[in-house]
Amino acid sequence: MSATFVMLAVLTVVSAVAVMLLRNLVHCALALAVTFAGLAGIYLQLNAQFVGFAQLLVYVGAVAILIVFAILLTRGREPPLQSVFSGSAIVGFGIAIVVFAVLATMTLSSRALGMEKPGEANASVAQIGEQLMTRYILPLEVAGLLLTVALIGAVIIAMRDKEPE
Amino acid sequence: MLGEGIIKGMGETARNFFGSYVKEDRLTTVQYPEERLPQKEAARNFPFLVYDGKDWDKGLRCVACQICEKECPPQCIYIVKDATKKPDHIGKMQFQAKVFDIDISVCMSCQICVEVCPFEAIKMDVEYELSTGDRFGQLLLHKDQLAKSNDYYRKIHPTEAAEVDARMGAEKAKAEAKAKPAAATSATPSKP
Amino acid sequence: MDQIFVNLKDWLVALFPAGRQQELVSALISVAALIGTFAGLFALTTVLERKGLGRIQNRYGPNRVGPYGILQPMADGLKALTKEDVVPRSADQVVHFLAPLVLVAPVFLALAVVPMGRNMAAVDFDAGILFFFAVGAATELSVFMAGWSSRNKYSLLGAMRAIAQMISYEVPLILSSLAVIMIAGSLSAVTIVEKQAGYSGLIPHWFVLTPWGFAGFILFMIAAAAESNRSPFDLPEGESEIIAGYYIEYSGFKFALFFLGEYIGLFAASGLAITLFLGGWNAPFPFLTWIPSYVWFFGKLLALIAVFIWVRGTLPRLRMDQLMNFAWKFMLPMALINLLTAGVWHFTPPGLARWIICALLVFGPYVALGRTLFESKKLAKRTYSYAE
Amino acid sequence: MTPLHSYLLLSALLFAVGLGGALTRRNAIIVLVGIELMLNAANLNFIAFWRYGQNPQALTGIVFVIFSIGVAAAEAAVGLALIISIYRHYKTANVDQIDSMKG
């Protein structure tokens, strides 16, 4: 394991755990931004430059900010001394641990164990663009449509209801 | 509205920018400690005592009548009469002040002391750089700090000083005219 | 002469043993050069800005420290360093401390992809422009961190305004640069500059000298001014209403860092504008190519900064609703139309017809938008009760 | 060099953390954040498999992740809009208290 990977992985996991454990919601959102940035670093380390930058732009630049806004808009009359976890937290943790155990055993018993990089692999922007415009043109259009619908839908949902006249 | 206003405004600021290098009226700053605007003649802030001649202590016009002390609204003037007398400008023997203090930290520049003084002894100064490191001591001006020559008065308020000089000259002339027949009839020596 | 800095770096790197160590040294030299150059430029810009604004307002500006006041930044720096660093008691200490760092680090990173001369880009990413916008996104987070952690209503208001403004103007910023990326066919800053090399007669092949490029340049500059919170889009700071916005609770060196970050962000945006529209480090005329390329880059950079200062000295601050209306109702449609125009330009054969079609395509919507936007407002002639 | 299974383990761990958070936290926003984390874990797997796969020229993993990022952004926007609208209605973003269907 290379040092870069270990550093990025530790950063990502620690901040992800912090997101789930911190009491202050704004701290959660900031830790989330760190997680996303760490993941972007891992993508870069895997030679996926375009995806890494897109991850930074979309997640750190947009989603984290969106979440921060949502947190500030929904703060208020909640009792602060309540536990951050819901009543059935034990079950949830149990499920999460079981899922991780299953995934980890599967990974460690699979062919992926100890698999090394098969030489250089690079995804240039031109190649990605060409693929998007030829092989994946339909998904691209559908994704564009989905984004437009989501944009309009989000605006309509979050819009304040008109006062009855 | 297609941004013409913005271009017009940009033109105006550009004219200001380049104009400031060539034209005086586009650079109006006076760099204060080095450069100063000329004093306006009507400027006034705190009172001072006028003296005639060379020696400030002898020439002081004040006769310690204490009218200003009584009239001063914030009561910033403090006068102690001296027992000895000295002649004034028309030769009459008058009291003089032993102590004459003005606390300019209290003074409100109302000029009432100047208005009430019958001897033209107290006038308004234009000195404005009065900052000190000591709030009390240095702002309490004593007689020696307050005394300023008539020449200084002429310099800062020329028109007013000319009027005062004319009035005092007239009084002196009248007194001398009165003294002459008196000297002719009696042998009382007249004062210079 | 042109390659003097490149050769210097190569020579320095060659002093070290080949391999991993050389890469590290090369990166370190690039970073040091970037930080040194732009911190110096920042110092120069602060004093030039204050002097320029002074001249615009019929006064001298700073002229006390050193000859003509050019040592003013040193005095400012000393003052910032020696000032007490006050942190509000109820502030979120960690976030409050991190916010200036989160601002300064990405803006320097963004500068790394801007080519500052022939072979003088610190890194040449395949997706360089995307990298620029991606790290620029982190500045929004830092603004929020500063505003929220100060535990001050003014700073939170300022941060919210700043984020709303930055997100709104990021859309036209990216869309207007997208036109260039479309025509150049590359996301790499170095390639985009190379595409603008060459001259027809005396006229350089800069993108700003095409209808869509010109419109894109104007849109980009407006959006860049809004992105870096420059006047007339400096509502987040708004001294007269929310005092200093998100840096109200910052003092001393942390404030200086914010100030630095803001200016470096401005340089980065100007540098990108030069790269995308003004031909990067290319000389404006073929007979001037003997002047080193970095001189051209920094000359253009200073010229753009002068434009920013000039605009700051001229235009009053916008109101929040005007700002948002301007972004979504004018900038965004114009940027989209500009994108379309760039496409038309690409597919019509060169000639006068192409020029006329594209100019009409840009100018027509501009007039239409400009007229309709304000027609609906029914601006009445302003009357004053007391002033004549 | 880093072997493939370390990426997969990291991804599994991230997925588990996200799942744990989504299942246990009270605040609806953090639940959404947990879901985002799980999506990101999946993205990491795609990238890792693309990089270690036999045919990296196909770019399938990269393209999938690009779509996934775009869709996740839309999902976050709509999800947060829903949470805000729910918050307006119930005056709380606590998932334990939002338990009735009737408006």
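As written, the chain order gives the labels A, B, C and D, with residue 1 at the start of each chain.
Heads up, the rule we're going with is that a residue touches a chain if its C-beta (ideal position, glycine included) is under 8 Å from a C-beta of that chain, and two chains touch if they have at least 3 such contacts.
In this text, all values refer to a predicted model and were calculated from it rather than measured experimentally.
By number of C-beta pairs in contact, the leading pair of chains is A-D. Between chain A and chain C the centroid-to-centroid distance comes to 29 Å (mean Cα coordinates, whole Å). The centroid of the Cα atoms in chain B and the matching centroid in chain D are 83 Å apart.
Look at where the CA atoms of chain A average out and do the same for chain D: the two points lie 5 Å apart. Chain centres here are Cα means. That of chain B falls 59 Å from that of chain C.
Residue positions of chain D with contacts to 2 or more other chains are absent.
In chain C, no position touches at least two other chains.
Contact with two or more other chains is made by residues 50, 54, 62, 69 of chain A. Taken as a contact graph, with one node per protein chain and an edge wherever two chains touch, the assembly forms an open path, each chain linked only to its neighbours along a line.
Remark: chain D residues 1-10, 12-21, 23-30, 32-34, 36-37, 40, 43-44, 47-48, 50-54, 56, 59, 62-63, 65-67, 69-78, 80-85, 87-88, 91-96 touch chain A in the complex.
Considering their complex, residues 92, 95, 125-127, 130-131, 133-138, 140-141, 144-145, 148, 160, 163, 167, 170, 185-188 of chain C touch chain A. Of all residues in chain A, those touching chain C in their complex are 26-27, 30, 33, 37, 40, 49-50, 53-54, 56-57, 60-62, 64-65, 68-69, 72, 124-126. Taken together, the chain C residues at the contact with chain B in this complex read 52, 55-60, 310-311, 313-315, 366-367, 370-371, 373-374. Within the complex formed with chain D, the chain A residues making contact are 1-2, 5, 9, 12-13, 16-17, 19-20, 25, 28-29, 32, 35-36, 39, 42-43, 46-48, 50-51, 54-55, 58-59, 62-63, 66-67, 69-71, 73-74, 76-78, 82-89, 91-93, 95-97, 99-100, 103-104, 107-108, 110, 112-118, 121-123, 127-128, 131-132, 136, 139-140, 143, 146-147, 150-151, 153-155, 157-158, 160.
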